[in-house]
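Consider the two complexes below, in which chain A is the common component and chain B and chain C are the respective partners.
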Partner chain A sequence: MEKPVIICVDDQREVLAALRKDLAGLTEKCEIEYCESAEEAGEIMNALDDSGETTALLICDHVMPRKNGVDFLIEINNDARFTRVRKLLLTGQATHQDTIVAINEAAIDRYVEKPWQAEELLKTVKILLTEFLLVSGMDYQSYLEIIDQETLYEQLRKRT
Partner chain B sequence: MISKKTMHLSISVVATLLVLVIPVSWIPIDGLTIIEQRILAIFLLATMFWILEPIPIFATSVLIITLELVMVSDKAFFLFQNDGSVANFGSIIAHKEIMATFASPIILLFLGGFFMAIAATKYRLDINLARVLLRPFGSDPRKVLLGLMVITAVFSMFMSNTATTAMMLALLAPILASLEKSDTGKMAFVLGVPFAANIGGIGTPIGTPPNAVALKYLTGENAIGFGNWMGFAVPFVIILLGFTWILLLRLFPPQSATLALDIRGKFLKHWKALTVYVTMGITILLWLLDAFHGMNAYVVAMIPVAVFTATGIVTTEDMKRISWDVLWLVSGGIALGMAMEKSGLAMHIIDSIPFAAFSPLLIVGVATVITIVMATFMSNTATANLMLPIVAALGISLGGLEILGGSKMLILAVTFASSLAMSLAISTPPNAMAQATGLVETRYMRKSGIIIGVVGLSGVYILMFVLRQVGFF
Partner chain C sequence: MKNFYNNLNLTVLISAYFSDPEKRMILEEGMTIMHQGEENERLFLVLSGSFAGYVDNPEGDAIPFFQLQPGMFAGVQSFFSRTYISSTTIIAQERSEVAYIEREQQTIANEGNESLLEQFMPVVVADLAYRQQLAHTASVDKAQTLKKLIASEKMASLGQMAAGIAHELNNAVAVLQTNTRWLAEQLPILIPALKGDAKTLFLRGLNDGRKMSTSEIRKRRKALQDRWGLSASICDKIAETGLSDEDLPNSPEAIAALIDRLGGFWEIGATLNGMQLAADHAAHVAKSVKTLGAHHSTRHPDVDVNDSLREAITLLRSPLRKVTVASELNPVSGITANKGELVQIWVNLIRNACESLQQEKTAAATIGIRSREEKGAIIVEISDNGPGIPAETLPKIFHPDFTTKVSGLSFGLGLGLSIVQRLVESYQGNVQVESNREKTVFIVQLPLA
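Showing the complex of A and B:
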């Protein structure tokens, strides 16, 4: 079975460790990659795309040395290969201006503020994964464990 | 490490190739022609692919049609054509006829149903109807459960079972959240909706794809009209639904005293919405009265398609939501059945097994039980696609079956049986959705699903007996 890939980007290892803990329940159905910089994440996404694998969700911090998160998300948003990738901005330090840019130019799907509630983050991630599975036409029945009920109902209701 | 999928794929393909290349005389069926041997191989491939599912089930259907075109049609690949040297070549099938299965009247009947479902969802007729219809059921959890099940069943007669379940579970979500964690009633609600959707699908020819497949075999003197079908199927649905309701209440009694379902909204009143209401009303009325006005159900189905596209109620964007996979799954079944029938393979298979030696009752019993077991583990439609060509031929060739109602009875019994499998999450998409709520324990679904299957199957036998008594067959 094809495993959708989640990419987590944060320059702080503690944050990645916390994410690893909170997303542990998804690992059976998803591949999760942890990156310490936007550059590294970009390379991984390229490599995945080259080998025909699908990046489903990008969870990205904003304030990072060298390339910042919002700039990276804009890049991804403008990349035709990644139009279906769901984007979650996970940060505590984005300014008002950064947030506006993230919404208008990077078209992020969700914004979660640090520090986050484990349960809320998991719910958000599941919603985004469900959206991804349905828009990319993957068989949702194989991924019931990582699916958000309400999102699934809403989408299936619209089908014939 | 070879993946399970690859293994299933290779086993199926090797077995198929084997049937294809061995000399025709090795196959223990008398009088088999080369064309029939090829169709037998395609049938085997379809069976294995639909059971093991190495590729999506609708893809198997497309594959059947393509293989038929390449191997047994009048425009087949040149190596597959008869150069005149083979005596027992058999009769080829016109490629136009194979391709026409994509647009057979049965497919267009379903398309009409899909257009109505899209329009109803888009103009919120489904939710608004559910809201109004639920009101008389009050706030007693037992009655609310009955209300939800009745509405689910009625909707699933005209919409897909999956979409209906999705809508009703979405309505249910707030109730489930409000119930105590220990309240066993939760299970009754989560199982009641998918079960009602599975059962409700039996009610009309467009209720569920297996019914559509059955229509392919119910032709000529065996033809059944839309209103006619509902005349006996709806009473069956009502009785089985009532039984299911009582069963769920006994197994999982709700503990809370009251239960309030809060659905907001009001009926839309602009001209497009009104057009949707009127068109749907007229279409359903015309379907019910198909015996009186000359238009059969297939012709009537085109009316909503024409009205909704002309008025912009269903746009090009909306049309992308049509489940083409379901339509193609049925097309493949029709093409498979047609090839087996036209080539004479179905008859030859039946003749090679001494069915006449068995009691007709036993044959009905075995056919329906095999169907329900298959449908438990695989797609109901694929089950119907595989079982019905065999069963239809069996009904015709077996004289002893006439006393019980002949092939019409057998086809209906098998079709109903294919919708009665609901003991596992994989049995039907509605069951899978119930499982996904995380509130259903597998063993409870298994237990209640098996009871409903057994009772439902007994109900089918009684229904067939009654229909025979009133001279329907």
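Showing the complex of A and C:
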């Protein structure tokens, strides 16, 4: 069974370690990659795409050295290979203007503020994974552990 | 102040009108030749000494307005406007001598057949020009003073607020810092399972933290998966701990069992390490913020600026390890200062230089530190060969909310340079910055007196 891939990007290892703990419950059904920079994440997404694997969700910090999160998300949003990738901006330091750009130009799906609550983050991640599975036409039955039921029903109801 | 009389040739005029020995006066220091608002029917020429002109403001204070030197006239306005009422009060600053003419003065015959007023026209114009220049300078001064006052009030209130926040923050951080340290110490004592290899792994996490980068972890995970055929999550865990092949048993089952049994202990150690790191950083930030609102600390005479520079370099030993430091500390006179404040100025400037070099990954990164004495001031230059500060950001760098630092735990609050400026200004000194693509120099000037 194909495992959807979640990519977490943050320049602080302590933050990545915290994400690792909070997302531990998803590792059965997902592959999770951790990256310390936008460049590293870009390389991994390219490599995954080359080997025919799918990036399902990108969880990205905003303020990072060199390329910032919003700029990276804009790039991904404009890349035809990654149109289905769900995008979550996870940050404690975005201005009003950054946020507007993130929504308008990077078309982010969710915005979660640091410090985050584990349950809220997990719920948000599940919602986005569910959306991804449905949009990609994957068999959601095999991924019930990582699916958000409400989102599933709602999306299915909309289809009928 | 430009003297408008210097360019006039008044010899003829002066010898014609001001050579009557009867119409001369000696004034002792503090004596007045005319009072604002009172009658004055004379035109004075200052022969020796000096006078100051005052105007009364509405509160009744006498504000010094102009200075009169020998060769200058007093009473021009009241005399030639024919109001004969003085607009200023003029007081001798020392024993001075004046010559004068009076209201009834008759025109003295001259070549051009000019009237008295025509002959004195250049004097009247020079006097008006002088007063206008004074008014102009005064209004510029006023605008500058006002600007400074507003800026310093802004800083003062920001400082007070910052100190308040820092205080609150420090209380919270202190609790986190102390408790994290306590947990790290007590866990191996209180938890019976934390002994032997469990303790070794716990301590490894606690002391080294998360030293593996994400790309190193990925590489190691791949190698472990290829060799042992273990799951990605188990291989990830091994990779994170940094355990080498020699540290691991020789079968996939044994490795999986080991990580299952001990991985958690490493994680606890590394987590405590991360908490300590974050708490230390928060404490450092709170401390920097606090200095922004701090009042003057005690200053002592004869502080050696070079000593303070050496101390700053020692403090920054670890970040400076990655760059070349070219220091040229020339002997300078001692100044009255608080050494800690000086060190803080240099630490902020040097750390800034370091961080910009690192962030831009400058090749052959070099920081220059130079001190010298020049024209009654000590001059310290901190330079780096980084890519420079863009012209459009240059005017903003001293603002308290400006930052270019974005990376990880060492991200900047943008307070560094505003602290530097505040401290340097408290020594009546100034900070300048020059920057181009090859080099950026911060020049701090500290007056000796």
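The criterion applied here is as follows: the second predicted complex is superposed on the first by the 158 of 160 C-alpha atoms of A that agree within 3 Å, B and C clash if a C-alpha of one lies under 4 Å from a C-alpha of the other, contacts with A are read in each partner's own complex, and residues count from 1 in each chain.
To be clear about the criterion, a contact is a pair of C-beta atoms (placed from the backbone, for glycine too) under 8 Å apart; a residue touches a chain by one contact, two chains touch by 3 or more.
These numbers were taken from a predicted model, which means no experiment stands behind them.
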Review point. Sharing chain A, do chain B and chain C clash or fit in the superposition?
Key: fit
**Study point:** Partner chain in contact with A:53 - chain B first, chain C second, else both or neither
**Key:** neither
Practice item. Classify the contacts of A:36 with the two partner chains as first (chain B alone), second (chain C alone), both, or neither. Key: second
Practice item. Look at A:79 in the shared chain and tell me whether it touches chain B only, chain C only, both, or neither; answer first, second, both or neither. Key: neither
Practice item. Tell me which partner A:105 touches in the superposition: chain B (first), chain C (second), both or neither. Key: neither
**Study point:** Contacts of A:150 with chain B and chain C, given as first, second, both or neither
**Key:** first
Practice item. Figure out whether A:22 sits in contact with chain B (first) or chain C (second), or with both, or with neither. Key: neither
Check your understanding: So, does A:139 touch the first partner chain B, the second partner chain C, both, or neither?
Key -> first
Review point. Can A:68 be said to touch chain B (first), chain C (second), both, or neither?
Key: second
Check your understanding: chain B to chain C: minimum CA distance in the overlay, Å?
Key -> 10
Revision key, fill the gap. Per the touch rule above, chain C residues touching chain A in the complex are 209-210, 213-215, 217-218, 232-233, 270-271, 274, 277-278, 359, 406-409, 411
Point to revise | In the complex with chain A, residue positions of chain B that touch it | key: 56, 113-114, 117-118, 121, 126, 159-160, 162-163, 166-167, 169-170, 173, 321-323, 326, 429, 432-433, 435-437
Review point. Along chain A, where are the residues that touch chain C in the complex?
Key: 11-14, 16-17, 27, 31, 33-36, 40, 63-65, 68
Point to revise | Interfacial residue positions of chain A with respect to chain B in the complex | key: 139, 141, 144, 147, 149-150, 152-160
